[in-house]
Amino acid sequence: MALLEVHRLSKAFGGLTALRAVSFTVAERELLGVIGPNGSGKSTLFHIIGGVLRPSSGTVAFAGETITGRQPWEICRLGIGRTPQIPMVFPGLTCLENVLVGAAFGSRRRRLPVARARHEAIAALETVGLADLAARPAPRLSLGQTRLLELAMALASAPRLLLLDEPTAGLSPAAVQRVLQLLRGLRGRGVTIVLVDHKLRAIADVASRLLALDRGEVIAEGPSAEVTRHPRVLEAYLGEP
Amino acid sequence: MRGGWALFGCALAASALPWSPYHRSLLTTGLLLALLTASWHLLALGGRLSFGHAAFFGVGAYASALLASRAGLSVWVALLGGALAAAAAAIPVGALSLHLRGPYFSLATLAAAEVLRILAANWTSLTGGTWGLVGLPPLPPQGALVGAGGIGALLLVHTLLARSRWGVALAAIRQQQERAEALGVPSRPLLFATLLTSAAFAGLSGAAYAHHVRSLEPATAFSLLFSILPLIMALFGGTSSPAGPLLGAGVLYFLDELLLQPRFPAGHQLLYAGAILLVLLGLPEGLVGIARRRGGGRGAS
Amino acid sequence: MPLLEALLAGTAQGLFYGLLAAGFAITFGVARTFNLAHGELVLLGAYAGLWLNASLGAGPLTAAAVAGLALALWAWPAQALLSRITPASELRVLTLTFGLSLLLQNLMLLSFSADYRFLDWERAEVVWRPLGVSLGAGRLTAAAAGAGLLLVLHLFLQRTRPGRALRATCQDARAAGLMGIPVERMQLLGLALGGGLAGAAGPLLATLQYVSPTVGPPLTVIALTLTIAGGVGRADGLALAGVLFGIVESLVVALAGPAWREAWLFGALLLLLQGRRTGLLRGRRAS
């Protein structure tokens, strides 16, 4: 059964159409890559699934339940974790406290006592390899560490589905490899992942399936090897690095 | 937090001392203003700076005054009624403002307080209109204790917040609301609960004030001053710990009443204008910030 | 006939409101903050006008011109204050202007006392009666001056180089800087225009109503409401919003009584704010 079903999703901002009748499904334990040039509607798609934006039409269902129109925190508690494209950590909190927010509130098992939540937060920091920096104020991390912290914050809620918006943007090649390695590990632990990126090669490596968007429309979908050779994908990416 | 309890101890001790009627009256007003400021600060924890706490102060004042003078309830019961009425008034105010952020939230609360003032002025059959209400039953002699007790109860709320996940949730909302929501923090219900609690304490402060001065009119109960003062006093004291707003209220109020008002009756409020400009231009963390820097950067919260 | 009277009087009053909002809107454009001391700047202009009138016999238009020039000087202290505030969050800057409002109000109380004053001039009694409705000369002068200044401002913003540069700065200061526009000078110009228009509105206000140091906040609220409704960087939007606001206000007063005038004022602000979910810098959302 599909874990996430997106059905004919459209979104217009004023006269601008950001998404046009986008449909796709994500199976349990799958790692789907969403690719497309800047402005193709990738982030809009994530914002709608996460409940930040309302679609003009269409529906999103998660584990068989329609979630369109729900509040962002409800969607998180159902088991959808997200990381933003531009890092948005809490600047006044330490790394551990940042992750604690996700552990204490994002879990499907509601009402986790603070002590248990702290435990889970430390575990999430260990998963991403930041346990040593638990007490450090969040603004004092490097960009690469901040992206890992974002991942730990999302992971702390033990999500069934992770929506990652360009988790490797701005990172050095070595740091990119670390993030990708981490994603493979998570997949091994049974987490379903939808990953947005516009670095075609990096994403094709980890994703089993790709969905290509251009100007708000699905232009190709299928196994990575096929989609990366699709003529419309190549055309959309012409001139893109 | 410890600083807050220390100030609470001072307030209790001061309430028990045998002051002259004049100084006792000053102490009561000062403690009620400190309570109003502390209630304002509770909402500020969620990143919402109210420019309209006079709304809750005024509703609490009118509700308590009417319950005691028209319905004949004892003043103690009326005070509680005032707090509850203010919380009830916070429901429509919150519905019209809490979905707004930053300056827009502040301006919406400002407008809401003015709308309530105009309602109080025009609902003559209930409120006596612009003539107001006079001859209200007085606050019991130990009235200063109402202020001190309210402050103690608010400090308990702070302690509960700090020990549960809700304290960190409010901080998260204040710092990055969208991210907090994406991590499962139910921002709207939490902010609503915070606003209602804050309004109840502001209402208690207004209710006690009504029986303290024993007369009410819309222009004073809903005065812009009761919106501005908590804002200025809290920022002046510092918002990073519960002690800051209490300290700010105490220092500014007594400075004003004891030193400035007797000497410069016309322009004594320049003190408040000066305090806010000082904080914004050169003292970003307020008085508490100075204490912290002296203490070698130890956190006071 | 009360309906027609409300319509004409409201239009006249509304044109003046447009002027009241113009300085506020430009200040918002360049400083990215609502200036909650705007009403007090208008009052400073009003007191300047009252003084000119009492000592030199100046009429409201002369007084408005002189007060406008004087208040334009506000740009320098304003820019100095804005650049010194740390950390410069939207809320802290807004709170700063709140503090300035309190400061100016108390300084005026010290200097001019709390007495209510009115600008009296020899032609104030002349009344015009179009269609059987009587309009006082004070109101007509204020409306004409408001309309005239809004028109000049409109032409300046749309037709001249510095005007276009100012609009670009209001829309996106960073992009304007990249295009070679001297952003700091444009901010100074915007603040000067903002203070000047506020100052010019002052003496006209003193012919329409009694002024005292404490009547500033409702003026600020009118300017704020019209700016949210009419937008920044366009004088015609402000004029339209002002006229609509003035007409509804006259109707409210005619139908419900003057006690409800303020309810309309703050109610309109509260309703208009409902559409504003994000910060002052309109939400920019990436792809």
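The chains carry the letters A, B and C, assigned in the order they are written, with residues numbered from 1 in each.
Assume contacts are C-beta pairs under 8 Å (C-beta built on N, C-alpha and C of every residue); 3 or more make two chains touch, one makes a residue touch a chain.
Predicted model only: the values in this text are computed from it and were never measured.
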Maximum distance between Cα centroids and chain B occurs for chain A
Leading the contact tally is the pair B-C
Taking mean C-alpha coords per chain and comparing to the overall C-alpha mean, nearest is chain B
Averaging C-alpha coordinates per chain, one finds the centres of chain B and chain C separated by a number of Å equal to 32
Whole-angstrom distance, CA centroid of chain A to CA centroid of chain B, is 42
Whole-Å distance, C-alpha centre of chain A to that of chain C, is 47
Check: chain C positions touching at least 2 other chains come out as none
Contacts with two or more other chains occur in chain A at residues none
The answer for chain B against chain C in the complex is residues 49, 51, 96-97, 99-104, 106-108, 111-112, 114-115, 118-119, 121-122, 224, 228, 231-232, 235, 266-267, 269-270, 272-274, 276-277, 280-281, 284
Counting only contacts in the complex, chain C reaches chain B at residues 33-34, 81, 84-87, 90-92, 94-96, 98-100, 102-103, 105-107, 109-110, 113, 217, 221, 224, 259-260, 262-263, 265-267, 269-270, 273-274, 276-280
In the complex, the residues of chain B that touch chain A are 163-165, 168-169, 171-172, 174-176, 178-188
The chain A residues in contact with chain B across the complex are 50, 52, 71-74, 76-77, 82, 84, 88-93, 97, 100-102, 104-107, 112, 114, 117, 153-154, 156-157
